[in-house]
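Here the chain labels run A, B, C and D in written order, and each chain numbers its own residues starting at 1.
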Amino acid sequence: MHVPTKLLDDPADAVTDALRGLAAVHPELTVDLEHHVVSRNHDHFGDHRPGKVGLVSGGGSGHEPLHAGFVGLGMLDAAACGAVFTSPVPDQVLAATTAASSGGGVVHVVKNYTGDVLNFQMAAELADDEDIAVETVLVDDDVAVTDSLYTAGRRGTGGTLFVEKVLGAAAEQGMALAEVAALGRDVVARSRSFGVALSPCTTPGSDRPGFDLEPGEMELGIGIHGEPGRRRVPVPATGVAREVARTSVAAIADDMPLDGEELLLLVNGMGGTPLLELQVLAGDVVAELTARGARIARALVGNHVTSLEMAGSMVSVCRATPQLLQLWDAPVRTPALRWGA
Amino acid sequence: MSPALTAAGARDWLQRFATAVDEHAADLTDLDRPIGDSDHGVNLQRGMRAVLAALDAADPATPGAVLLKAGSTLVSTVGGASGPLFGTLLRRTGKALGDAESVDAAALGSGLRVGLDAVTALGGAQVGDATLVDALAPAVESLEAGGSVTEAAEAAARGAASTDELVARKGRASYLGERGIGHRDPGAASTALLFAALADGDGAGAS
Amino acid sequence: MHVPTKLLDDPADAVTDALRGLAAVHPELTVDLEHHVVSRNHDHFGDHRPGKVGLVSGGGSGHEPLHAGFVGLGMLDAAACGAVFTSPVPDQVLAATTAASSGGGVVHVVKNYTGDVLNFQMAAELADDEDIAVETVLVDDDVAVTDSLYTAGRRGTGGTLFVEKVLGAAAEQGMALAEVAALGRDVVARSRSFGVALSPCTTPGSDRPGFDLEPGEMELGIGIHGEPGRRRVPVPATGVAREVARTSVAAIADDMPLDGEELLLLVNGMGGTPLLELQVLAGDVVAELTARGARIARALVGNHVTSLEMAGSMVSVCRATPQLLQLWDAPVRTPALRWGA
Amino acid sequence: MSPALTAAGARDWLQRFATAVDEHAADLTDLDRPIGDSDHGVNLQRGMRAVLAALDAADPATPGAVLLKAGSTLVSTVGGASGPLFGTLLRRTGKALGDAESVDAAALGSGLRVGLDAVTALGGAQVGDATLVDALAPAVESLEAGGSVTEAAEAAARGAASTDELVARKGRASYLGERGIGHRDPGAASTALLFAALADGDGAGAS
């Protein structure tokens, strides 16, 4: 199977080089190239706020703009960037936690993968040694994993964006540590995602993609690490986007009733699917959701939580409340999400 | 390991393991492809290179200190699931070995039991969940029962092979459910390499 | 050569379906599905402004978010969306012009391709019949075309984004028709772009990509219509991003001296290249520009002017002035570009 | 066209051209692939289907009105470079034919001269620039010189073939420079089909 030419210098340095590039175009961010930690440049933002709850996330790289692209005013204070598809080590998470700490404690937003969970847990212990109070919000929004008892549990995927935006606004507005964490768990409980791959992706330096997909096949129920999904099915001859929308929304609605709900919606590209196609999918997803009695309160369409150059999509929804909408609408200024500032 | 494991012997063990990981890195990553995210070989390789450098720098005096240093280095360089798990295994085993100048197979077995328990406490996996525990647990039990390091290595290899027919319940592979059957767990395979490296040193002493 | 599975329903309806999707998630836009024209929903924006100069652009589809994704407060008033890689017809451009007209005249931002030029020209004549004064700003920023005398002239590519943002702000601030057009021509004169393809792309419904590229080859000096570039070269074994940055910046600097200049910079993805890679490229581009004595005043990294799912990049720069920076920083609220609002 | 071209004859001509475009759509698009953006066949197909529908609806009474209607329909449905150019050719030719109930080959040639001049004024291409003008101009000249429609079709075909060895100076293909040599211009190829469709009707009259 064909491995795409990558616009990199040395595959082994992909993450370092990408962070150097981020630093070069975002003076409002501080990039620690030793720890691969991106944090707010408080001098640039003028947002020195003693006692503000710090918001930290992180994970493997390859999901850009998640997480480093969501660092800034009204969202994350710091992100720890692991190797591609490999969770960061505790030292990195600790460095991010220290950078984010202003005395009010720090919330860790952790996607539910064994590696992320274990490394953040160890980092939280190290932070405790330094008297930084840490609360953890575990994101497990992926409905493709239905048998949580027999697995590592649902994965953290597109819903992570809702959590990071909403908690970022809450922390900015002065909410205290325990409340931010509780709010985060509530956002997780209200969020669901389902992903589909139309092509695999290849980790930099590898000579083969994560899986082989014959033309005319697609993988349903994927995570965000280029791994195969839960099920492989044929691509329909026409109505591909409708079928993807139907399958994704049905999987979500079977798990969480949508009738009468106001939704935050993310129609997310996995990295290699062009916006023309994501817009077609967005139309079909909105039609499916509306047919189930839901109303779209806010929507984002684009590449937000990706798997390198994988083609495909992830549909994520969050059942909104007036409070969540207010926090969603609050100003945000990050490389990848920006409004009102 | 007829002569008991000294600090130098422990370093030789880890050196042999690092060599084995280098040799099998592509194979381990390939095992991680169909059921995971194609990085297990790369992860361990990065970690073991760091371990060798850290041991050169620190030159720990006892086998326990060697394993402790190796474990914390893995924790801070590997990431993913295997970093904390392999790291915890070696750290806790090292701590359990205490200040002893050298340890025999039985003592190593008792130390590894502490490490194994820490791994199951951390990751929650039991034998049969198709993780590295399936290779680790039988090897530790073999040593505890008075087996030789060669017997322990054989037990680890059998344990790794047993994952071929299992449905994974922990780690990334668990997401595949039945689709994971027919695939060997990469962490179990690398754990078997760890014990094979131990057995390879048998009789070679501190050489 | 492999044709990727597309997330569409019917390739023939790709543009209609994508516009329907845009409408479904952007209530602040009015989407005319008959003419394939996207315009501001003035009731939503509350920006009824008699006498404001209207700003219209358009072209073939397949370049999303350009142009429809740049309709909104502080940028375009309306965009006419042709079939994929085919300029809109005069009727469409006229419909967009009428939608954008508030009595102060309308500026057409036209990318320099024969089809776009001719269709916009015919539309301008039709608008004249309806007493709408039209000024045309022709964007030809692509330095890959060096022999303008023997060709249709330089193509309009990434620099279009600078023109649309800056003129959108100027029109919003009340600048008059002739001045907006003159400013636009000045922005064009200050802008240069160079593009590279690492993969081809396939028009919806076609059974083959626009060109074949062997693994290990790249196309230099591409346009944005999936067509081959000016030159094919081998991909270097390492330092691919550095080589692309070097080639792109050298081509630009050979044409327009950069020493001592303050730049607006766009490190643009062609659609299929993931952000991790674009960030690596951004670092290399900034290094190249800085080495040539330029300073980066503002930068954007991402998929803004695309060729469907093509992998590759386009580097665009605009020599800024204090006025241009003020207009660049002015509030903008569109689907794809948003800040300060 | 021994019997002169009537409104019905003009519609038959365009019907035959539409059929030829349908048949050759993939070929025309393939010609546009190496030197353009792979859409010329698709573009003309969309346009000619619209033309047939528009003629059915409007049922114009003279050959001039038929061509005028066809031209404006092409302008408003094709887009790209070929929409305005083919559209202008037919519109201006149609206008030039005026109210005549029927036109012979020479009159058609004079009309097409007006169309050709409008095309060169609009697009700026001259013979030798590797565009549709290379097929159109010799066909028009042939008719003007008293040639039959069959001779005009042959001239158009030769003109189209001449673009194989030319470096394009107008349109998308011009960006390729020397790389464009060895490729036939798609617009010239479709223009040759237009004149072939005219010649095919010769003798068939208004049937």
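Quick note on the criterion: a residue touches a chain if its C-beta (ideal position, glycine included) is under 8 Å from a C-beta of that chain, and two chains touch if they have at least 3 such contacts.
What you see is a predicted model; the values in this text were computed from it and never measured.
Comparing mean CA positions across the assembly, the chain most remote from chain C is B. Mean C-alpha positions place chain A and chain C at a centre distance of 28 Å. Separating the centre of chain B from that of chain C, both taken as means of CA atoms, is a distance of 54 Å. Rounded to a whole number, the gap between the C-alpha centres of chain A and chain B is 32 angstrom. Chain B and chain D, compared by their mean Cα positions, are separated by 76 Å.
Chain contacts: chain A has residues 84 touching two or more partner chains.
Multi-chain contact residues of chain D, defined as those touching 2 or more other chains: none present. Chain-to-chain contact here is organised linearly: an open path runs through the chains from one end to the other. Looking at which chains touch one another, you get A-B, A-C, C-D. Taken in their complex, chain A has these residues touching chain C: 2-10, 14-15, 17-25, 61-62, 64-65, 69, 84, 198-199, 215-216, 218, 235, 238-242, 244, 265, 267, 271-284, 286-287, 296, 299-301, 303, 306, 308-309, 311-313, 333, 335, 338-341.
Those residues of chain A that touch chain B in the shared complex are 60, 82-91, 113-115, 118-119, 121-122, 144-145, 147, 150-152, 155, 203, 205-206, 208, 210-211, 223, 225-228, 230. Interface residues of chain D, counted against chain C in their complex, comprise 29, 33-39, 42-43, 46, 75-85, 122-123, 167-172, 174-177, 179.
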